[in-house]
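Right after this note come the structures.
Both complexes shown next keep chain A, but they swap its partner, so chain B is in the first and chain C is in the second.
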Partner chain A sequence: MSALASLRTMRRPAWLGPFVALLVVYTIFAIITPEHSFLRSQIFLTMARQSVVLAICALGMTLVIVTGGIDLSTGSLVALTTVVVAKMLKGGSSPVVAVATAVAVATAVGAFVGVCVGRFRLMPFVVTLGTMAVLRGSAIGLASEQKIDCDPRGLDHLLEASLSAPGIWIALALAALVAIVLGYTRFGRHVFAVGSNEAAARLCGIDAGRVKILVYAISSLLAGIAGVMEFSTLTVGDPTDSVGLELDVIAAVVIGGAPLAGGEGSVLGSVFGALLIIVIRTGAVHMGMPSWVQYIVTGVIIFVAVAVDSARRRRTRS
Partner chain B sequence: MKMRALGAVVTFSILGGLLLGCPKDSSKPAPGTDGEGGAAPSNGRIKIAVIPKGTTHEFWKSVHAGAVKASREVDVDIVWKGPLKEDDLKAQVDVVSTFVAQGVSGIVLAPLNDTALRAPVKQAAQAKIPVVVFDSDLQGDDHVSFVATDNVAAGKLAGDHVSKLLNDKGNVVVLRYQEGSASTQNREKGFLDAVKAKPGLKVVSDNQYGGATTESAFAKGESLLLAQKAETGAVNGIFTPNESTTFGMLLALRKSNMHKKMKFVGFDASDKLVGALKEGDVDGLVVQNPFNMGYLAVKTMADHLRGKKVDKRIDTGARLVTKDNLEDPAVKEVMQPDLKKWLGE
Partner chain C sequence: MNALVVSAIEKSFGPVDVLRGVDLEVHGSEVHAVLGENGAGKSTLMRIVLGLEHADRGTMTVGGKPYAPRNPADARRAGVVMVPQERTLCPHLDVIENIVLGIEPSGPLGVLREKDAVAVATRALALVAGEGRIPIRARAGAMSVADQQLVEIARALAQGGESARVLVLDEPTASLGKSDADRLFERVRALKESGLAVVLVTHFLGDVRDHADRYTVLRDGKVQGSGDPKTAPPEQIVHEMLGRELESVRGEADAAKGGAGYRGEAPGGGAETLLELRTVAGVAKPRAASLTLKRGEILGIAGLVGSGRTELLRAILGLDRVKSGEVVVTAPRGMGLLSEDRGGEGLMLGRSIAENIALSPRGPLFVNPSHTRADGARWISELSVRSSGPDQRVGDLSGGNQQKVQIARLLREDFDVLLVDEPTRGIDVASKAQVLDLLRELAGKGKGIILVSSQLDELVSTCDRIAVLRRGELSASRPATEWDEEKLLLEAAS
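Showing the complex of A and B:
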């Protein structure tokens, strides 16, 4: 508690900016949508459901970005996970086995990326750029270039726009877990240390390589869980799913107040960033907004978020 | 503190400007909304969400134009909203569920997948929002009507034309599109049914698949022509069931210098294919009618919402285009509908 208090006296929490932005954008939409349909309770649940995949991916991406890294393979990994789950279910596996296998595959991919980045000191951008292509190709090949149709065997009820569906609660629990790990454990402090000054962290005896391997493995594990949620929505394995998802995820984390340089980041901020993106998307549908306007609005918000954040940073430094 | 307040003000004003600008733009029919459909005040008007598979392809622009025409004729508002990225299944699922949560009067949907869209459509049915499916079929029984080309009839159109061109005798080849693609399988079936009805026509190959791309269809077409010894005149007629196989086969025929030596009827139209039709390298193209599809889909939904009985299956028609009828006004209307008039572009 005292740590939190001292943080507060230092400066306002990083998540406050994205939270204010979220409120402002939501209020604008609530006012201008026809018949105030934005205020219906079903809208909240639908937006919560739609945020789950993006938010879970953003949790992992926050860890990665705090270490000063980046992961471009998230979208491909989510698609691969839907394909693995669908393929296993079609082959007669039980849902539990299918989910466990898919998440294990995702985690293994993350560990591999982590080893490349942490031990062989390769650039995360390049490693994950390659991984992105390899995973996308694997997903399409594994699915024989088409969507895999299978009986979802209850997995379709994992994530629904309802408070009784476990998906939304799982996402919240994961967010709390990652926030605690990052904020209150030794591993979390090591992640920040590696991100803000890797050489100093190494001198202090932190195994930076090990930290990175763990971070990428956790991030991909979370992407795997997000992929299971994605399958729950799609009910088919779709190898062309989530192209470019990683960019939305990175946007969510950046809006959430994490600079790409590393060393800073807030799980809560990233979750608000993800919610903000979904609110814009939902509002765009309500307004019947053409896709190009939607792209521009999202882009402008990223600009503004980063500008405000860097202003805040300058102020606290001076 | 000051910076934060400033930031919020900046965010608010930029966003407000962009968002408020949108309905203003669409008061003349701009892409995205028809009339004031997107931001109509509460006045009890029927509001129909129209969800295509994508928004940038010519095909969907024609569908949009038809939908706008219907909305003006039957006096309803439509909201035209496709997935942000072309052909993005997840995005389409999200768009449908958002419209359900918003509570529109009805949803007109071209599903990207016949199983994945079942759940959101069921959700709509539970919320008492009727759904009309168009272009591609959806499994299940939760939708009011299915408005699309009757592909078997369209395939038969091609089959009859090939028979006529060959005077009911000769050897015929079909280069199929892809396993598991229902629309093209029905076209192939319609074609084969028509051809097999003529005893003088013999189907020498109908088990080869061109695959998803023009490149794969080109390669398959080339080896198919070689395997059937087409250069000796052993093949007289060819049918391909979609744009990519038609274009691939055209390239294969041209490369092996066998174009014009056999009768070739394809499906769908593009600028290149129409050019080949004019040059006589293609002897006929069966085209769908996307404008009519958009028109009938919205009209059917409006009829249903106003309590009229609608058919479970509505055919939007296909048409055979040849070099001779290319200039007919009726054909021109299908090939190049007046998008400007309806979309104001």
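Showing the complex of A and C:
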């Protein structure tokens, strides 16, 4: 391979693939929807609002997957957060205290997972599989096996149907923040190093365990924030909410160009991956397609994303 | 001035005493070679010096000050850095990111200062590679092994910073061709002259004689000798490394050679052809390789690093795609590969010896574990693998013993053709002779063997015929009796 060609493959940003896929899928829906209603700003806004929870979770999952880990507890954690928020509001706490407590609980869970993975070197898949079950059970127990109705006391405005919905802007700000942390800080560099070659990172004096603890804590903190957003749309605490959300989140990150082996990944790619999933879902609903179609389309896109990525990798290597 | 002093270091892993009171003194501005067989304790000693392990007893000083590193970061702060034997770059990061890994210049909130990073990395690279030889934005995973090695040394120096006093190089030339190795030692000499103490852990006596100022030999966890390698006769150093074993090993080797009766008795035109290659080309390498392998012979393949030796074997076996040409396999019991990458693809390091040996695509549907163990035990005694038994994890064995396990697996399969890639890499002198004699013996029993080795003496003494691979093109083979090391090197390097 010539030097120029290798330069080109090197510089091609990882988010380009998912971005193109997003454009293509969106264009297809825009063409096939009756009267091109998919182009209306109302739909656009709906999708933006629906993307918020998935996208915020995908930010954290990106960090986790770049270290070569995985987090299966995201869905349960989101559900638990809605329950904690609702229960506190119902108990008379102010929204600020309720949100802060819920996010703190989520972060503590992440720190625990991080300690298991980073210090005791347990497999992240198994640790978070266990965490997923424990959190789901805790949420159901805490909510006494039912939804918790409460006065949302303004939290429902976080994702109201308007462009000024704070949730959308919070999600964007968080995405920018995580992108900066990952791309332009020491910590971000260490996240990549740990995922690329953990032994090398340790040899260079990087405390790989500490990096992982922080990564899982940050990821769960973000899942906690996503849970607050979820509460905002639900306006109740629902312990059976978001079952299987973690699989969508992982799909978003994988579509976004991060291999599960770690060492690679980008925030922008993951955000595009999340948007792509939501566009497919919304488009399918809009077209009146049955839900099994969107599952299959999403699945095919995951295959295509991985195939394209692996082809690119093989080309770069030879 | 002593840069590093190690006194009476002891270390055991469980019941095994790996180090039994080791003393070592390394001065500034010298290259100090640490020699020893596999399992002599070199690696453990170096891991202790680097803070990756902790000594049970004993003390160390660096620059006259007490030194007890708890981790590599401690060692680095004291100015002790190492380039380990296996490559330890992050393949996804670029050269600069790798060099400043763990010491990234950064401002408030840990925001990276890219310009400073480039400056630090370029300065370190200039020490080891000269300006512009290595593209600083290339991904480490896409670089040649030789360049990765240079980047690792640059990283070690950058991380030692201004205070770098001791540089440990563990088998730095094991995966390099001669010209790359020479270039490396040129740099090592420059570093030494700038005042650095260099500890060179190696198997290559030639490197020691040419490039070290002093040597220390370890055997069975103890220092067995030390001196100036330029005045000490090689026989004495080898004796210190092997102890009493040497005579008996030689005797065995000679007996085996006599038994196999090989030189000049290569099979005639009548022997059955097992394998034929007709201008085989892979995707990048090899470019053109033709050969014929007959029953009962060893065909040697010489070539510099990067000439496509491993790629040739992989193409023959079908592990890599063959772009053009033909591989005609007439061997009834098929072919097996002994990989040069023992840990990566040759063995399951986390599984037991018996399981590794039994690993096979053939075999019964149900496996009786006690049969597997018994079979493993038989091979262990057959090839005298030094182990605690067939249940021991292969990853816990020394390099030479791991290699024997890999060979045992191929022998159990009873392949007709063995493709053997660097069978003696990183294993001790005694094991080397055993491995090579074993290959001769197998050829004598009717196997066809293709032997790839960067040890030219090995090829000349073991093979019936030798062909030279040069930039992906394989020359016609000639009888080994017509070759010597110099001719081979000349042919390969021209």
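Assume the second predicted complex is superposed on the first by the 308 of 318 C-alpha atoms of A that agree within 3 Å, B and C clash if a C-alpha of one lies under 4 Å from a C-alpha of the other, contacts with A are read in each partner's own complex, and residues count from 1 in each chain.
Assume contacts are C-beta pairs under 8 Å (C-beta built on N, C-alpha and C of every residue); 3 or more make two chains touch, one makes a residue touch a chain.
What you are looking at is a predicted structure, and each value in this text was computed from that prediction instead of being measured.
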{"item": "Partner chain in contact with A:H286 - chain B first, chain C second, else both or neither", "value": "first"}
{"item": "Touching partner for A:V24 - first (chain B), second (chain C), both, neither", "value": "first"}
{"item": "Partner chain(s) touched by A:V297 [first = chain B, second = chain C, both, neither]", "value": "first"}
{"item": "Partner chain(s) touched by A:A133 [first = chain B, second = chain C, both, neither]", "value": "neither"}
{"item": "Touched partner set for A:L39, first chain B, second chain C, both or neither", "value": "neither"}
{"item": "Touching partner for A:L247 - first (chain B), second (chain C), both, neither", "value": "neither"}
{"item": "Partner chain in contact with A:A176 - chain B first, chain C second, else both or neither", "value": "neither"}
{"item": "Greater chain A contact set [chain C / chain B]", "value": "B"}
{"item": "Chain B and chain C contact sites that coincide on chain A, given as residue numbers", "value": "none"}
{"item": "Touch list for chain B against partner chain A, complex", "value": "3-4, 6-8, 10-12, 14-16, 18-20, 22-23, 26, 30-33, 37-42, 55, 79-82, 84-85, 87-90, 93-95, 97-103, 113, 115-116, 118-119, 123, 127, 178, 180, 212"}
{"item": "Chain A contact footprint on chain C (complex, rising order)", "value": "71-73, 76, 84, 88-93, 97-98, 101-104, 106, 109-112, 137-139, 142, 155, 159, 283-284"}
{"item": "Chain B partner contacts - residues on chain A that touch it in the complex", "value": "12, 16-17, 20-21, 24-25, 28-29, 32-35, 37, 40, 42-43, 45-46, 49-50, 145-147, 149, 156, 161, 230, 233-236, 238, 240-244, 281-291, 293-297, 300-301, 304, 307-308, 311-312, 315"}
{"item": "Residue ranges of chain A in contact with chain C within the complex", "value": "6, 10, 184-187, 189-190, 192-193, 195-197, 199-206, 263-264, 316-318"}
